[in-house]
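Structures incoming, each one as structure tokens.
What follows is chain A paired twice: with chain B in the first complex and chain C in the second.
Showing the complex of A and B:
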């Protein structure tokens, strides 16, 4: 066990984890997930929120078993390696707010950093604009960190705190497995068209989530920490995992015939560069101030971290707000032979600007 | 005189930031107290990378990372 612990802590451990998760993400598309969306933590959260009926965008409603796997894979790894510890109390309400705005930013871009990397690996060059925004957002977070930003200390908590997310994840799995209908029309809702209708078989998706959750818990794989650590400490440890993730997904995409280079009419995307950039800048700043990307927040919630659980619930609320109030972007499309560029409504644009102000205010005021 | 940094309960990268700040005072050994394996590993890796000698011990449900000048 000690040998395994040391393997995962080394560079070859994080590179292996990144490569395995990247390959699985590309394969998930083959197995049925939407294009360039093998794994998208924000999209999966939005789909799950839709399935619960907390928003009514009919094309994005499906309980994504990958998320259940993320939580339980991380939980099992943490228990097995004696790292499970219920904890919390580090400004949970602010973590909720950061979760809300990270999600609004992500849904203006139409993807979280995981999908930004995967979109790039699938030839969608809007991934580059989004990653540029993401990096700028993280740079803002790094600036706040250098100037004493802290959400305060967490403390060890009672067992119930650590079980909230694993129990919630199990409930979601049960609702999916039994396809529960609370009224004849639903919820639970299942999309019949659009991205929500495209999904890998339940058990495969769950297994992939479990593997990703296990590996990511062991290696601390984080799509935001990769950039932050390089900026803050010139440490490329986590970045090497993300590079392995992108390169492997790219190789698998090419091999599977899922690589298409360009900006416009890419799968579930828009080419409104300004808002791709600003949406992910808001997400990057929110993740940096919360100490982890959306995937890492799920993994930490499985390790017993009640603060990460609050962030995830913030993401749930953010997804509901984004679709109820028309904040999420529309995709590029062709209507009667005419190309229509997608992007956020004026409400979505306003929400991103408001988010940047609110999140920056959190960064500015929470300094010691 | 041992210089002490209490980074318990702080999420990464704050334990590393506090450790690096404390190093500027050039008092050795520096003891960084953390309560997660992630913080322990991150502080150890960062200090090791900067050329210091690092030892780790378990203490009261957490870890003490001791940082000394490489001889």
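Showing the complex of A and C:
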């Protein structure tokens, strides 16, 4: 066990984890997930929120078992290696707000950082614009950190705090497995068209989520931390995991014939550069101030972190808001032979600008 | 040649690690910010690495500037 701990702590550990998760992400598309969406934590959250009926966008409704796997994979790893610790109390309400706005930013881009990297690995060059915005957002977060930003220390808490997310994840799995119908016309909803209808078989998706959750808990794989650590400490440990993730997904995409280079008409994507950039800048800033990317928030919620659980619930609320109030972007499309560029509505644009102001205000006011 | 022994300080937040780095530099103590070593914590925070021989001077520099840390360990 000690040898395994040491392996995962080393660079070859994080590189291996990134490569395995990248390969599995590319394979999930082969097994049924939407294109360039083998793993997208924001999209999966949005689909799950839709399945619960908390928004009614009919094309993005499905309980994603990968999310259940993330939580339980991390929980099992933390229990096995004696790192499970129920904790919380570090400004949970602000973490909820950061979760809301990180999700709004992600749905204006149409993906979280995981998908930004995967879109790049699939040839969608909008991934580059988004990653640029993401990096600028994280740079903002690092600036606040250097100027005294902190959400305060978390403390060890009672066992119930740590069980909230694993229990919620199990409930989601049960609702998916039994396809519960609460009313004839009501939830649980399952998309019959669109991205929500495209999914890998349940057990495969769950297994991939468990593996990713386990590996990420051991290695601290984080798509935001990779950039933050480089900026803050010139440390490339986490970044090497992300690079391995992108390169492996790219190789698998090419091998599977899922690589298509270009900006326009990419799958579940729009080429409105300004809002791809700003949407991910908002997400990057929110993740940096919350101390982890959306994937890592799920993993930490699995290892007992009640503050990360609050962030995830914030993401749930953000997804509901994004689709109920027309904040999420539309995709590039061709209507009667004419190309129509997608992007956010004026409401989505306003929400991103409001989000940047609110999240920056959190960064500014929460300085010690 | 004998290898320099290092120690590491863990903090409750990145902000305190940065304050500690500043305090150490003001006292001319050589330190480096590093990600929290994986074997010490599953948190992805920031830690401060220092030469073990500077341990007492570092503790004094931090306490003079009221910088608190959570945990000290040998690397």
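Basically, the second predicted complex is superposed on the first by the 368 of 368 C-alpha atoms of A that agree within 3 Å, B and C clash if a C-alpha of one lies under 4 Å from a C-alpha of the other, contacts with A are read in each partner's own complex, and residues count from 1 in each chain.
Everything that follows uses one rule, which is that contacts are C-beta pairs under 8 Å (C-beta built on N, C-alpha and C of every residue); 3 or more make two chains touch, one makes a residue touch a chain.
Note that the structure is predicted; figures quoted are calculated from it, not measured.
Peer 1: Once the shared chain is lined up, is A:6 touching chain B (first), chain C (second), both, or neither of them?
Peer 2: second
Peer 1: Between chain B (first) and chain C (second), which, if any, makes contact with A:262: first, second, both or neither?
Peer 2: neither
Peer 1: Looking at the overlay, what does A:201 touch: chain B (first), chain C (second), both, or neither?
Peer 2: neither
Peer 1: Is A:32 contacted by the first partner chain B, the second partner chain C, both or neither?
Peer 2: Neither: A:32 stays clear of chain B and chain C.
Peer 1: Using the touch definition from the top, say if A:296 reaches chain B (first), chain C (second), both or neither.
Peer 2: So A:296 only meets chain C here.
Peer 1: Touching A:220 in the superposition: chain B (first), chain C (second), both, neither?
Peer 2: both
Peer 1: If we overlay the two complexes on their shared chain A, which of chain B and chain C does A:158 touch? Say first, second, both or neither.
Peer 2: Neither: A:158 stays clear of chain B and chain C.
Peer 1: For A:237, decide between first (touching chain B), second (touching chain C), both and neither.
Peer 2: both
Peer 1: Is there a shared patch on chain A that both chain B and chain C touch, and which residues make it up?
Peer 2: 9, 83, 145-146, 150-153, 220, 225, 229, 232-233, 235, 237, 291
Peer 1: Which chain A residues qualify as touching chain B in the complex?
Peer 2: 9, 81, 83, 85, 87, 90, 145-146, 150-156, 220, 225, 228-229, 232-233, 235, 237, 291, 307
Peer 1: Under the definition above, what is the set of chain A residues touching chain C in their complex?
Peer 2: 5-6, 8-9, 78, 83, 145-146, 148-153, 217, 219-220, 222, 225, 229, 232-233, 235, 237-238, 291-292, 296, 303, 367-368
Peer 1: Considering only the defined contacts, which chain B positions touch chain A in the complex?
Peer 2: 8-14, 16-17, 20, 35-38, 41, 45-46, 49, 61
Peer 1: Write out the stretch or stretches of chain C touching chain A in their complex.
Peer 2: Residue list for chain C touching chain A: 12-16, 18-19, 32-35, 37-39, 42, 44-46.
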